[in-house]
């Protein structure tokens, strides 16, 4: 009744499938996170990829741009998840959300979770956009 | 330097504009909430409509279906906002998200804010879908 | 190095002191909560009274009305703490905050933690005000 | 690159493994939750069992009593997850934590996430203990 | 049914009114935040000023010192909003709360949202007080 | 009805008792935190020690390793409490939890509060383990 090791063939297959999804949507921005887990919690990296991307993200009910809108809402509302929000702003760009749509999602969030969390999220987006020369953002 | 009363002509205009947006997207599901504020905090009802819908929701950067995806993510993550989530599941249906898309957004949230909050949100959606004869939900 | 039992003379003294503070500010609204802990976690009731009220609430830096404003802000922001918010709306009235001030604190919170949590808090306040014949609330 | 359907043989195997773990630790208290997902989000039920219990809970690094202590801490801190906390208080009893240990974990949480959330959690525990004739709880 | 542009005359008027309130209470500490939004989300800056300060903060039901006590409670409870808390500790000083009152509000919060969040908030206050030569704080 | 000063003999006794508990479990990692409160909120340091450790931690219902598992769950779920989590990862090691058990508690948390908060917590643990030469962590 114990969990299969993450190196079992079945788990490696699940991992490979999730990695394909992850690579397709995030443009490599999560790779550093996964590597930094290697010496402390490799199983967490495995399950983020195998479950989070292979099992869930790959489901057909929503396309990647829709999923990123949900994710931007969640991470803004949770607060304290700026590193993950940064990865997901990059992913949002990779799957085709415009900077205008990303910022609009964060402005929209202000009414539901307050200005302070919306501000934190906008400044994460600004940092990513600045790195990529995407500032200033055009108003919607 | 004081705020204009919510009954000033300029504020009534803002309110009317917001109400037009609200009615267009929520199919009347928020009306009861607004009425129940009348004797305790009418200014809160005013500003939800005038600011939340007139100023923010009406902005062009995202369409209503996209806004509802962000909102579903936020309300699921916040937790404890089941009454508001119920209103927004109704709004999601009104603006054209399918039951499959709504449920998929909530399943998607599990990886980002955990199973317990995702479960709470799914049971809110189930209640709304049941009232409208929309069960069972087709898998995506 | 173990904690003193809550029935030790020193702890009884601390408890009595806290109970004096609690009774002075809450008008009896917490008594039911404390009693309902008697068969499951009497030590929690003891420490809420001895520490929360005897050690902290009794400190001179803020008066009870100021403390209740801070508390209304915290409980609104936390979410999911409606039973405790109900007790603290009663306490707010007992220590002399008006219904207008209480509602204004909750409207104020909307910008900082969003409309959904502000709404939840306002409906708790409405319930307490209704019981006491304090509706409608006069706008500030 | 799509997720395998939850009815695929490989997923059924994962599900069966998770179900074995779940049944061993929760004494049946989650069954109703899973059934109520059948017509709205069966995939969520599948992944809670397959991932949550089959992949994670079954890992060897902590025993079930240790896992339940972590879970009690998380659910108390999150707030608004009383239905899930109820299931996990039952699970805690099934895996061998005493009522004293469960209550102590919740009292302990007061210092880290405040009295209101600790109170909410204690009243959930009280309800479960009452159903099973386990009141009053012996102090630790 | 679209929102008026933030540069419309009516919105400029609302903005000016809000800016008057903001300048009166925050002693300039929010100006940098607003400027840094100019190239990423100018509409968010506009609405924080026009709605947050012009519509809400300017309402008569609570005076600025009372509003800051509520805000300190909210931001401490939310967690992860240290940059906004820093602005609001400055505002609290500007509107006339003493360092003793500010610290007392944060100590008071420990019982309601736990020691960790209270500690985070106290260290933000300490940083602001240190910059202004306001340490040590006199006990209440 | 005012609180006794924290320098009263009775409070000094409570403090000493709490300090004994704290020193026994945390290996000195909280000392810096307490000292840094001396000029801003010494009463908060006093009550964390006297109440948090003297009154609560010293209670007999759970042993220190069990308490740290609950605490790891709470701090991971709260989010934004990385400084306190760092202290408590050190405490967890001091009271005898292995690096494997600590990491397993954090992986376990992913299902209950989501991957982002679990990741934040794991990276805090990694930092502590790295300082002590405890990497790589052995899988459970």
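A, B, C, D, E and F label the chains in the order they appear, each numbered from 1.
Convention: a contact is a pair of C-beta atoms (placed from the backbone, for glycine too) under 8 Å apart; a residue touches a chain by one contact, two chains touch by 3 or more.
Given the structure is predicted, the values throughout are model-derived calculations rather than measurements.
Colleague: By label order, what chains touch chain C and chain D together?
Modeller: Touching chain C as well as chain D, we find A, B, E, F.
Colleague: So which chains count as neighbours of both chain C and chain E?
Modeller: Joint contacts, listed by label: A, B, D, F.
Colleague: From the C-alpha centres, identify the chain that is farthest from chain C.
Modeller: Centroid comparison gives A as the farthest chain from chain C.
Colleague: Rounded to a whole Å, what is the gap between the Cα centroids of chain E and chain F?
Modeller: A distance of 30 Å separates the two centres.
Colleague: Taking each chain's centre as its mean C-alpha position, how far apart are chain B and chain D in Å?
Modeller: Their C-alpha centroids are separated by 30 Å.
Colleague: Using the touch definition from the top, which residues of chain C touch two or more other chains?
Modeller: Answer for chain C, listing residues that touch two or more other chains: 43, 47-48, 51-52, 56-57, 59-60, 74-75, 78-80, 103, 107, 110-116, 139.
Colleague: Think of each chain as a node with edges to the chains it touches; is that a line, ring, star, complete or other?
Modeller: The chain contacts form a complete graph, every chain touching every other.
Colleague: If you look only at chain F, which of its residues touch chain D in the complex?
Modeller: Interface residues on chain F, with respect to chain D: 48, 51-52, 56-57, 59-62, 66-67, 69-78, 100-101, 103-105, 107-113, 139-140.
Colleague: Which bits of chain F are touching chain E when the two form their complex?
Modeller: Per the stated touch rule, the residues are 33, 36-44, 47-48, 52, 74-75, 78-81, 83-84.
Colleague: Considering only the defined contacts, which chain F positions touch chain B in the complex?
Modeller: On the chain F side, the touching residues are 110-116.
Colleague: Inside the complex, what are the residues of chain F that reach chain A?
Modeller: Within the complex, chain F contacts chain A at residues 79-80, 103, 106-107, 110, 114-120, 122-123, 125-126, 129, 135-137, 139.
Colleague: Which positions of chain B touch chain E when the two form their complex?
Modeller: Residues 1-3, 10, 17, 20-21, 24, 43, 47, 51, 54-60 of chain B touch chain E in their complex.
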